[in-house]
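Next come two complexes, and both contain chain A; in the first it sits with chain B, in the second with chain C.
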Partner chain A sequence: MEIVNFAHGEFLMVAMYVAFFAWALAGLDPLLALPLAVAALAALGWATYHGLIRWVLGGPMLAQIFATFGLAVFLRAGAQFLWGVDFRVVQDPWLGGRVALGPVFVGLPQLAASAAALVAFLGLWRFLARTETGVALQATAQDRQAAALMGIDTDRMYALGWALGSACVGVAGALLAMYFYVFPDVGGTFALIAYVTVALGGFGNVPATLVAGVVVGLVEVFAGLLLAPAIKYAVVFLLYLAVVLARPQGLFGRW
Partner chain B sequence: MSRLLAIVLALTLAVPALAAAQPREVVLGVVYPMSGPAAQAGVDNKAVFEIAAELANGTADLPFPFYQRLKGMPGLKGAKVRLIFADHQGKPDVGQAEAERLITQEKVTALVGSWHSAVTATMSQVAERHGVPFMNPESSSPGLTRRGFKWFFRTSPHDEHFTQVMFDFFRDFEKKRGVKLKTLGITYEDTLFGADSGKVMRELAKKHGYEVVLDIQYRAKSTSLQSEVQRLKGANPDVWMPTSYQTDAILFTRTMKELDYNPKMIMTQDAGHISPDFIAAAGKDAEGTMSRAPFSTDLIGKRPVAQALNALYSKRAGKDLYDFPARAFTGMMTLLDAINRAGSTAPAAIQKALIATSIPGDQLIMTWDGIKFDETGQNTLVKGIILQLLGGKYHTVYPFDVATRDVLYPVPAWKDRK
Partner chain C sequence: MRRALLLALLAAALAFPAAVTLPFPRHVLIMIFLYGSLAVAWNILAGYCGQISLGHAAFFGVGAYTSTLLVARAGLSPWVGMAAGAALAVLFSQAIAFPVFRLRGHYFAIATIAVGEIVQTLVINWDWAGGARGVFVPIKRPDSLWNFQFHESKALYYYVALGLLLLGLGVTRWLERSRHGYYFRAVREDQDAAASLGVNVAREKHRAIAVSAALTALGGTFYAQYIFFIDPESVLPLSLSILICLVAVLGGVGTLWGPVVGAAVLVPLSEYTRVWLGGTGKALDLVIYGALIMLISVLQPAGLVGLARHLRRGTRA
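For the complex of A and B:
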């Protein structure tokens, strides 16, 4: 779509708050709150497109960057204003504890989160590759004018893209809320790694992002375990730099 | 006629000059994390700073001699104290810019801040360059008072005092319970606070004959601490000694539970582990966590000054006084006392008054022996205590003579907890 959402981390924060409040106010486990978070975030994405992005799409690149960046600051400050600065945690989610995979322990919430992320990925991939709307969406992403000439309602596709992208964050937020604390700045912790992952795989390539995600995760854990925990992110970013220097389009990127 | 004009002219010029000599306002810059990962510290401190300013302005009251003396700032003939709050977001560069702005544009008399050791370091450099007094109520990196600064004053103990208390505790505890603690695992976050704390722990462990079997520095803003906990579990030290801010403290506890790591004793370096958010978020999972501290909420009942302040604070902040606001208040009152004795907002006069500070321990809300600065600007009359989280609250467990509870040891394994 040729536009990077710098408020992606803050969308994640909103999704986590949705899951947290569903638990705190209605006693809903994050797993049950997942559809709620997905719906809320899809609505947020749709509203962001219509309220903000649409108006800057034709503008210069800088305007687009600042628009989403401004949105990020607004959401973060808004969250602090409304919900305060406290760290909140969902106590005793349904999924807790760990499973032993041979000699390795894996946290059950993390395992469930990975499984759900895989399901979400398969769903998204199938939708993009196999349905007419999905193909139309990809066409719009590749060339907006050409897509419009083919009779695709690009405005609708953009809105759909934003709603879909945000809904995915909704899935992530609800799952993360099972084992991660929530506070207004939580998005920043994940956003940078998320951009690196997407750029490493190649923008616009969904399966590549999955592979890149696994690579980043493995590098992070092994660097922490075998080298020093203090530099585990340095290793991740080093790998990213090496890849984009050799292949600016990312590992599997086409453009 | 021309003489009369000259007199009138001289008078009109002289009147504002006289007024300027007697300041009507004392403007203080207060810089804390009001947003970002440690925002809670700044937001909770703001309430106590406002109370401090009201005490000085005579609109609030603490019925103890030291605070009565300050009421209405008699030394400055009733000048009003005005606080300008600024947010450094936990970032050293932002803190530096704010210090610059407050000094050059807002023309503050002194700066107070700023929780994070790394931010205090950059901010106090600006203050030193401009010759403006800097009051630091809580940053615990020992190096801060070893830079040869002339305008930097710290009321709180630093990590050497604190860490020494931990090792004193180990010694006395081993004697009392007949157990032997031999190995330590230290983990610390990667800013100035963690790095210095880790260094002090390493040194003291060597000095007191403990073996450090694991020594890791980690990213404070990690999204996962799996590998760190795996390594702890592998090394399995007798005591795990983390130095963490809020976010990483919460994540450590969650990850330990998931990976079934059971340290027998957890001795933490305050900060993240003592914040109410950590207690609320980690809940019963953090049972048995110990921390050094200069103050404990369960001592409020034993100290009349703390009790009186807590009555004001809890109404405003919606929570009881705890370590952060307690230290913030102590630092701010020390500064206000010095300004009052200086009788002026001239930096040199305040600096001189700060050096001459002598506040007796019974007037403090802390359990310290008092406040007196040495030539480096460090308060020499500090004392640390050891707390343990029991039943969702921190209780004083050491020194044994002021303890309100017995030490829970070993911390029950995850499988044995309800």
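For the complex of A and C:
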């Protein structure tokens, strides 16, 4: 959509808090809280579009960057204000322990999260490629004015795009809450990895993002194993800069 | 009229340490000058050339670390370190310019965040440079200008910080009138149009980031000599990069005085809220900033300076 949500990581943080509080207050397992997190985040995305993004779409680029940036600072500091800086953990989720896949041991929550992420990926891909609304969404992303001339309600499409993207973050947040600490700054690193992954694959290209995600994951693991765990993200970012030098549009991007 | 006002302001700034000897107001003004000069430096690249960098802490850190390591490990004067830091920051900026300037707009901003994170991660794991524990600037007594250490009074720090700010403003003023300043603004408005009119876009961007990086690194050295301790968490974090832009955005991006106005509003706000709300760890000040940034970007993307211009035009019409 030619607009980057710099509050992406903070959306993830909100989703994780939704999952955490569903567990802490109502005793719901993160798996049960998943629809709740998805609904909450879709609402958040929709509200962000209508309350903020709409008003800066036609404005200067700087305003677009800082609008979501301000939202990120606001959400992060707001979480710290309301809930403090403590690390919180969901104890004894349904899925725990590990399973053996041949000679490899994998944590069960991680495995479930990967599977769910793949399902979400396939769902999103099929929605974008096969349904009329999905195609309209892509058209709006490609050329807003041309899409409007074809009778597409671009305003609705933008709102849908924001709700849909945020709902995906809701899926990720609920799953991540099963095995990761919840705290106000949790989103930072994940969001940066997410931007780099998408940029690596090429913007607006769902399957390329999946491939780039696998590449980033492998680089991260091997850099941690062969060099030092502490610098694995630095290696991922260096790889990204190297790719950008040769292909600014990403590995599979077209523009 | 305008010139008289500026001269009066400058005279007041020069006379301030003589009039006020309390350390805290002096500290607030020093911080205004420091953040003002950083925002002025950022503004040259972002405001005039249109390249929104979110990784300026990397240049700040290069300045702080270069001078501090030269003082602590080689016993050189911080002034030598300051020059070396600025030179190193320029070299570094030219190296990263190749990949990051392949990108535009939002994607450029993301790439600069990645650069900042790389530098911070590497320094954290670099034991010779103090690693995550940081480095102390060795204390030397008595006060001396050569050692750039003033323990008795903040007055000299005050003048050095003011000098940095004036240097940044001078460079910006000169750029505004020079050929390159016009090239920068042409690149900002429409890169393709500028290129088609014969502006060497890549070279102008490299120039802009070099000037911006050098000025930012000077501020880094000043910070190290003022605080006497640096670590990756204080001189290289993303939050510092954000703060630098925030100061400029609040005041008015792409204007000469915007960054100074932003610093004059934001720094006292944060210093005093820290004193009032300090220690609660509640981050209420950041909640307010966040809301403020959103409001500014929606209602008045030109910042306070833009708002003032708007109001003045309104009263005239």
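The definition used in the following text is that the second predicted complex is superposed on the first by the 255 of 255 C-alpha atoms of A that agree within 3 Å, B and C clash if a C-alpha of one lies under 4 Å from a C-alpha of the other, contacts with A are read in each partner's own complex, and residues count from 1 in each chain.
As a convention for this text, a residue touches a chain if its C-beta (ideal position, glycine included) is under 8 Å from a C-beta of that chain, and two chains touch if they have at least 3 such contacts.
Please read these numbers as outputs of a predicted model, since none were measured by experiment.
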Exercise. For the overlay on chain A, clash or fit between chain B and chain C?
Worked result: clash
For this session: Tell me which partner A:G70 touches in the superposition: chain B (first), chain C (second), both or neither.
Result: second
For this session: Kindly classify A:F183 by the partners it touches after superposition: chain B alone (first), chain C alone (second), both, or neither?
Result: first
Exercise. First (chain B), second (chain C), both or neither: which does A:F21 touch?
Worked result: neither
Exercise. Touch check for A:A199: first (chain B), second (chain C), both, or neither?
Worked result: second
Exercise. If you stack the two complexes on chain A, which partner ends up touching A:L241: first (chain B), second (chain C), both, or neither?
Worked result: second
Exercise. Does the superposition put A:V85 against chain B (first), chain C (second), both, or neither?
Worked result: both
Problem set entry | Partner chain(s) touched by A:M61 [first = chain B, second = chain C, both, neither] | second
For this session: Would you sort A:F252 into first (chain B), second (chain C), both or neither based on which partner it touches?
Result: neither
Exercise. Looking at the overlay, what does A:W125 touch: chain B (first), chain C (second), both, or neither?
Worked result: neither
Seminar exercise, completed: chain A contact check, chain B vs chain C, more residues touched by chain C
For this session: Just name the clashing stretch of chain C against chain B, choosing from 171-179, 189-197, 225-233 or 261-269.
Result: 225-233
Problem set entry | Touching both chain B and chain C, residues of chain A | 76-77, 80, 84-85, 188, 228, 230, 233
For this session: Would you mind writing out the residues of chain A in touch with chain B in their complex?
Result: 76-77, 80, 84-89, 91, 96-98, 105, 107-110, 179-181, 183-185, 188-190, 193, 220-222, 224-225, 228-230, 232-233
For this session: Enumerate the contact residues on chain A facing chain C in the complex.
Result: 2-4, 52, 55-56, 59-67, 69-78, 80-81, 84-85, 188, 192, 195-196, 199, 203, 228, 230-231, 233-234, 237-238, 240-242, 244-245, 248
Seminar exercise, completed: Touching chain A in the complex, chain B uses residues 34-37, 39-40, 43, 190, 216-219, 221-228, 230-231, 246-247, 250-251, 254-255, 257-260, 277-278, 280-283
Exercise. Can you list the chain C residues touching chain A in their complex?
Worked result: 46, 50, 52, 96, 98-100, 102-103, 105-107, 109-111, 113-115, 117-118, 121-122, 124-125, 238, 242, 245, 249, 253, 281-287, 289-298, 301
